[in-house]
Structures are given as structure tokens and as C-alpha cells.
Amino acid sequence: MENQRHVRVGCDFEYDAGIDTAAVFQVEPYGGGPASVVRYEWESTPEIPRRAYVDLYGNSCQRLVLPAGSSTLRYDALVTVPDATEEVDLDVRETPAADLPDDALLYTLPSRYCLPDVLADEAWELFSGVEPGYRRVKAICDHVHGSLKFAYGSSTPLTTAADVHAAGYGVCRDFTHLAITFCRALSIPARYVFGYLPEIDVEPAAEPMDFAAWFEAYLDGTWWTFDPRNNEARKGRVLIGRGRDALDVAMVTTFGGPVLKRMEVRAEEVS
Amino acid sequence: MENQRHVRVGCDFEYDAGIDTAAVFQVEPYGGGPASVVRYEWESTPEIPRRAYVDLYGNSCQRLVLPAGSSTLRYDALVTVPDATEEVDLDVRETPAADLPDDALLYTLPSRYCLPDVLADEAWELFSGVEPGYRRVKAICDHVHGSLKFAYGSSTPLTTAADVHAAGYGVCRDFTHLAITFCRALSIPARYVFGYLPEIDVEPAAEPMDFAAWFEAYLDGTWWTFDPRNNEARKGRVLIGRGRDALDVAMVTTFGGPVLKRMEVRAEEVS
Amino acid sequence: MENQRHVRVGCDFEYDAGIDTAAVFQVEPYGGGPASVVRYEWESTPEIPRRAYVDLYGNSCQRLVLPAGSSTLRYDALVTVPDATEEVDLDVRETPAADLPDDALLYTLPSRYCLPDVLADEAWELFSGVEPGYRRVKAICDHVHGSLKFAYGSSTPLTTAADVHAAGYGVCRDFTHLAITFCRALSIPARYVFGYLPEIDVEPAAEPMDFAAWFEAYLDGTWWTFDPRNNEARKGRVLIGRGRDALDVAMVTTFGGPVLKRMEVRAEEVS
Amino acid sequence: MENQRHVRVGCDFEYDAGIDTAAVFQVEPYGGGPASVVRYEWESTPEIPRRAYVDLYGNSCQRLVLPAGSSTLRYDALVTVPDATEEVDLDVRETPAADLPDDALLYTLPSRYCLPDVLADEAWELFSGVEPGYRRVKAICDHVHGSLKFAYGSSTPLTTAADVHAAGYGVCRDFTHLAITFCRALSIPARYVFGYLPEIDVEPAAEPMDFAAWFEAYLDGTWWTFDPRNNEARKGRVLIGRGRDALDVAMVTTFGGPVLKRMEVRAEEVS
């Protein structure tokens, strides 16, 4: 049996709400991923009933009502992940559009933040000369990684891939949106992934831990993982959800305007 | 048994493609709608094999490859529709966000063309004072119908609801995107609908027949039909597909750049 | 906010397998139910990787491989449940077959253990005279509860509702299969439910705790809970899965013949 | 582009009903199959409104109400099918249970008519010695084809695979149920298929045309077609539906007891 590593993941939220406010949280590891939940715990003050559901994309969501006043929520889990670096295969070929599986077609279309229709010319100019397949998606990631500058607070909930492309700044979701956009402009299905990214067998980053965003591209029968922000193969990604872009896998969606006073994310190996 | 009317619907396409080009067509009436297909026929020159599939939203799609050179496709159907004007009920109430069904939540979020995040202030300014429920959605439709000017060719595949709002011009899909945007900004689930709209018991329009766009809003347990372009209750809508916006229910999606040389749409009552 | 009760649920399994044996477990509370998981934990000796998936019916399943030799698995969870007895409404009416929702139709058909085709005559003889609706389903439960004798070990994995009806003995799954069979014979959709049933505000049963089986019948727009084994409204059912009969929601399915040496189920209120 | 053959398929029903009777019909070709519908037509006397829906397995169903008195329904379609005999590959290997895709697991379980739990010993005795993979499924088909005698009217809606195995007689659905049963007993996923089977490039059968039943077994990543009734590779199968057994893909399900006075099935090549 393959070796496993143990990772503790979780997050804390502190809200202040004027009135009772309906909300949806996506913070639990995706069931079907390689990560396996050994133990988890929800805590809230005051005690807040939750109800789970599975959305259109198969992601696990939690519905609840944030009560008027102050409230805190905490999700904490211990998961096992395979002790293996994710696969890379430069020789994998592109699937012609006519042969794509039906359910991959959705991921070739524009979405709220990923605008292959707007950036089609840039995509063709930059990448039409690169060999189709894994190498081309890698070239896209190299380009995004090299040309965008990481800057906290440089983007807002309205920032599209086209905005990021123009500005040259972004956070991991923006890197991901831009790379997805280029893939889709070339008819390569690309879907947004959101999760916990522990630092296993890598140099620790300088920044505080946060949720991470990366993407999967469909090539020759398989969805391959790409991460234009870090641009290196990793161990131990703990996937939370997949969708067309960050909108489909928002960590929290609120139906009203509660104030998020504090948020903390955890993803660290434990022995 | 309720009375039925008979409607002939269909469309013709003529393409010129440089190379074989994968494509998806959405032109068949939606199975679950009130319209019932009595007879249909596909014709193509040259003969083009098709394969059907059902997308994430439950819509019927046809995959095919447009061959290099000239080709024509023709879809023709005879359907029955109920001889009844669609229901209107001004007193229907809004469903609080906390009580919305899980699968309606998706339709409160922004999408490629519907931008409640961008137009939130306008939505609140204009409609927060209106009584919640059917009356409020009707107020939105009245406003969009009254403030936008219908103009062929005034929008492009990149035009969002925010663009339309700024420009004051649009076609039926733009009217629909803007009304959907206002609904979602108020946490009312609204989904885009695309179909054939015959002229039954109404004054014939001056414009040539085209595919039509309208929307459905979720109020008190039911999805209600609204049509900000025509802004009147109609008989005989023949729904083709539903989705978040026009992207999800594109009549034709091509993976490459064939030239559409001619398109014709039919939707007329037959006796 | 409504009051909540806290319940600890879980189960232990001890297996002895000749060879590595693929298996599927269904023991986690169903996400969409009224019960909400506060905390859970999986333990296994040796450590056994698991992978979750959601089946055709929306149930959460865990896939794993029982290793050759001895192994133990333990699932333990703390859940909250509403402090409310499940609803009963004698006046609810039956939905005519023509008006049933599409996805309820499946639950009017025969299945492996529920044989309305075989017991149609009995069903009509016994219940066609009873007022259609909730009262009729209650009459079915009263009859099954009154006429079957509960007896551990009286049924096998091959025992159908028809066998149980003939024998007059059964365990809770057999009571449930027989009542479902009678419902379906009368075109009332009925689906099998499997879960943890804590003893909250009721007399403790003499028998050791076990997984419990009950069913839901579709009447006038809602699935109503019925329990022909206990035949009383309860608090705190913790649903694990739903399906056509016990086959669809088997606690454990193994692809091979490991020996189950010990099993224990927990479902008890904690303060 | 590969060559296509043209096939006319369809069916006629004549009913006599005491009262209005809800019914579900499954007679339209499955959208996702290799057959492509060029033209179709529904006719009924009196005119009967229909509404389509897609069931849990992805099959297209038609709901309608048979009116009190006499009624006739006729479905007629022209389809194209590939001019190619279905693939056979004796060397395809079995997929170990641990590696089966999640959605194939359902097709290893017993169902109403397919009873691997009852016939497990026979299955192991007969086929455990045969090389796993395509050859083993073929051995099952050869055995069923050779040991069962085809006899119209030899089975009823209550007849299971175990009954057929004991009796030695059956129609095509019984041949199929028995072969599926043996496959499942060996943990090979097997699903029931129902459709039109034209006689293309084969000797015409003596019997009148009827709906046909065959099955698909999952081996090494693909669902392979097997037909224990005819036991030969064919051209032009026009699939209507797939499911666990004949129950899931019943041509007609009625909620009440109308009399079927006449039924006719068509499946013939046209030039």
C-alpha cells in the first residue's frame, strides 16, 4: 500500500452581521479526491445549525444562517494524502475538439472571470506556435507565472482575467483565471480548482497560509493539474471544489452584507 | 383534455468552413417543457452524422463536425403547445435566501453576461423600494422594457448586462441579461431561457423571426416566466434550453472559425 | 433558532480476509438530512486509505480495500438533530400517478426485495378500501407492524418482501420492505431509508443497538417518514442513505468473501 | 467520413382503457448512442399530449395519459447507423473490483430480475475456470445461448434469471437477465440494454420483429456489447435505454390496467 502523509487543514471565520444572513460555505475536502478525511470538526459560537448539499459540479457545500451579531466558525480536519509528487508528462497530447468528452465541453467556454473571447488574439499570438499538448499548457503556465506579479490586495471580486492581463498583478486566483483563459482560447478544457495547499517537501513561502487556487486541463483522456502561481509539481493538494472559475467555488457566499472580521486558513503537515 | 395549438419550428444554417470544424447545436425543443414534439426532421448537405447529449443543465445538444467547404443544416419540427396564456400572479411572494432550494442558488450568482456584482447599486436604488415578489420582478421587466431600446446589431458576443445598461440599446438577449442581473442583485434566482416564440393570438412583429430569449425567476416554490423584451404574457413558448446566461444555451458553438453565411429561424402556428 | 439535541453515532467492524478485498461502506450521515455532523473520525488498523464518492441516489459512499488478514474499521461522529418529533398529518392526500414528479416514478416499481408485482392482490384486498393518502400508508404500517413478528436472524440476504409476508417474521429491513411493497402496489412512491436511530424521549428497546431501516412515502408534494418496525413518530433519525431497497443502501458491500467477525453500532444521545 | 446505413424503426400500440390511465413509454432511440435520428413522428388517436423526461439512468421517457376507451399510439423514426459490425476483442482483460469506476459498481449488484446472489454457486462452478476478461463473458453468452431454449410466451413479468435458469426456456430478455446474472456473480459489471435490432447483413429470423434485449459488460475501461440471444456481432443496434434489468427500461409502464390489444415493432433497413 502506498505511503501516506498526514495534513491538518482548516479555517476560522469571524463575522459581524446586522441581521440573520443566509450563507454557503465550501471548506470541506472534496470527497472524490486523493485526500481522505480521517477526522474533522466544526465549531461555531453561538451554535449554528448547518445543512450539507452537493452542488451542480459535485462539490460539497454547507448552508447555514449567520446570526445577527458576532459569530465565529471553525472547521478543522485531519486528512491523509499520497506521499507522491503529482504527475508531469510533457509528451501528453491535446485532444481534438471533436473528440472531447461531452462533459468537458463546458470548460472550453467563457465564464465570469475567464474570458477567452476577450483574450483570444493574445492567446493565439503567444501560444499557437507551441507544440499542442502538455507542453503548450506548460508554456501558458510559465508565461503567466513569469509575466504576472503576485501582489496581495491587487484584485477585487470584479477582477477578470482580462483585467489581470492588463494590470500585470494578481493573487493565485488571478494567475489561475488568466491561465485558464488562455487554455480555453485554444479549445483546451480547463477548470478552476480551489483547496488547501500544504507545504510538503518544499521551501516554505513567506506569505501567511491561505486557500489556494490552481487548475486542471483536459489532455488525452485525463485532467492534469497545473499551478501557474507556484509553477512546480507538488505533493498533497487537498482539493475542496472544482468549477468554471472562482465564482463556482467561493469559500463563502453570503446573501447580504455581514462583515468578515477575521479569517485564518491552516494547511500543515503533521507527523 | 386541454386544447392544443400546433406550431412549426425550425432553423436553417449555411456554413463555409476552411477545415473540418467541431460544433455543438442547440435547436431541439427541450423535452420537459410544455411543448411536445409530434414530428421532426434533420437534413444536411452533405450528409453530416450527429450525436446527441444532455448537458449539465439538462439541455439537449447535438454534436457534429462541419465539413471543410460549404454545408447546410436544417432542423424542422411540428410541436403542440397548450392553448393557454402563461400564468401571471402579482401576489406571489419572494422566497427568503435561507429557504431557496439548493439548486436555485446557482442562479443568484454572477455569470459571464449577467453581472449583479457590477450593477448592485443600480438594482438597489431602483427596486429595493418595490414590494418583494412577483411585483418586484415585474417592475424590473417594466423598467428594462421601458429604458432599453431594441436595436439589431447593437450588441456583440462580448456585450455584458453592464455594457447594455450603459449603452441603452440591445436585442432580446441583452434585455434578458439585464433583467436577470437586477433579479440576482436582489437575491432572486433568475435563469436564462432560449427558444422559439411563435406569434399566437398577438400582433405580428415587424422584425423577421429569430430565436427568442426570456427568463424564469424563482418565487415561492415555482419558476415563473418573464419576458422583458416583449413584456406581455404569451402563448406557445417552445423552450430549447435553460442556463445561467446566453453562453450556456448558445444555438451554435463552433471550435474554430467557420463562416455562417445564412441563418433562418421559423416559429409559426399551423392549423 | 430551534433547539438541537446531540447524538453520537458510529460503528465498528472487524474483518478477516483471505486476500485483499475491495469494499464499499455506507455509514456516514447523509449530508442533506436534518442531522448535521459536528465532528467525525475514521480509524482503521492497519491504516486503510479510503476514497469517497456519491452514488446514483446521492448517498455518500466510501471505497477501500480490506487488506488480507485481520483489520478493524471504526467510524465515530457527533451530530446535532432537531429537538422535534417528526411530522404526522393524517389528512395529507395521495398524488395521482399522472401528477407524480418524474423522479418519484422509480419508487413505484418493483426492486430486488420489494415485489409489488407479486403482492398486488394482497395489497388491493387489504388496503384498497382505506381512504387514499396518509391514512392509507399508516394503515399499511399498522398492518405490517401488527402482523409481522420481529425475530433476529429470521431473514437472509435473499429474503424478499414476499418471503417475509409468507413467513410472518422479520427484522426492521423486512418490515420496511413489506410496507414499501404494499405502497408501490397502490402506485404510492416509497423509498427505503437506512440510518442510525437513537432513542430520544422514548422507552429504550431491549435489543442491542443496530442500524435501522424505515421508509419515505411521497404524498402531496412531500416525502413523509414512516417506520413500520417501531410504528411511532420519533426524534433524531440520522439518515445514512436512500434507495429502492436495502440493496441500494448496503452498509457494506464486499467484492469477495471476507469474514465479518464483529460489528457494533452506536446511536446514543449525549448531553 | 464513415459510411452510414439507414434504418426505419418504430412501434404501434393499441389500448383499451376503462379509465384515464397514466403511462410512461420508452421507445425513442437513446440520444448518446451511435444511431442518429434523422426524422421521427408521433401519432395518436385521439390526440394525446406527451411530455418527455430523462430518467435516473439517462434514458428518454415519454409521459402521457391513455384516455378512457380505445386509443392508438404510433412512433416512427428514420435513423442512421454506422456501417460497421460491433467490435469484438477476445484479449480484453477484466478490471479488478478495486479499480472499477464508481458508477459501474451499481451494475455488480442484484436487481429485480438478475440474481447473482441466488446463482452465485452456479456462476462459480461454470465460469471460474475460464480466463477472466472478454473470453469469460463470451463463455457466459455461449453457455446461455446453448443451454436456454427460445420460446415465446415462456416467461411472465415475474420471471427472474433464477426461474429461467431452472426452466431452461425464455425470450431475449430472459437470455439477457441470465447472462447478466452470471457476470455480476463474478463481479463483472453488466447492464441491461433494450432497443431496436434491425437485420443488416444477416439471415432474417423466422420470428416477427420485436423489441430486442442485450447487455453491456464493463471490461478494461469500456462497456462492451454482448447478445446471448443471437450470440453474434451485429450491425446497427438502435439502443433505446439502459438499466439494471428489464424493469428499468420497460417499453411501457402503466399505472392501472389498460388492455394492450395490439403491438407491432418495426426495425428494417431502408435504402
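A, B, C and D are the chain letters, set down in written order, and residue numbers restart from 1 in every chain.
Here, a contact is a pair of C-beta atoms (placed from the backbone, for glycine too) under 8 Å apart; a residue touches a chain by one contact, two chains touch by 3 or more.
Since the model is a prediction, treat every value here as computed from it, not as a measurement.
Asks: Would you pick out the chains that touch subunit A and also touch subunit C?
Replies: Common contact partners of subunit A and subunit C, which must touch each of the two, are absent.
Asks: Would the interface of subunit A with subunit B count as same or different, where same needs over half of all numbers used to appear in both copies?
Replies: same
Asks: From the centre of subunit B, which other chain's Cα mean sits the farthest off?
Replies: C
Asks: Provide the C-alpha centroid distance between subunit B and subunit D, rounded to the nearest whole angstrom.
Replies: 37
Asks: Just how far, in Å, is the C-alpha centre of subunit D from the one of subunit C?
Replies: Here the centre of subunit D sits 31 Å away from the centre of subunit C.
Asks: Counting in whole Å, what is the centre-to-centre distance of subunit A and subunit D, each centre being its mean C-alpha position?
Replies: 43
Asks: If you look at subunit B, which of its residues touch at least two other chains?
Replies: Residue numbers touching two or more other chains: 32, 53, 102.
Asks: Have a look at which chains touch which and call the overall pattern line, ring, star, complete or other.
Replies: Shape = ring; chains linked end to end, path closes on itself.
Asks: Chain pairs that touch, all of them, please.
Replies: A-B, A-C, B-D, C-D
Asks: Please give the residue numbers of subunit D that touch subunit B in the complex, ascending.
Replies: Contact set of subunit D toward subunit B: 1-2, 4, 31-32, 34, 36-43, 47-54, 58, 60, 67, 80.
Asks: Over in the complex, which subunit B residues touch subunit A? Could you list them?
Replies: Listed in rising order, the residues are 20, 22, 24, 53, 55-56, 61, 63, 65, 96-98, 100, 102-103, 105-106, 108-112, 115, 117-118, 157-158, 187, 247-248, 253, 255-256.
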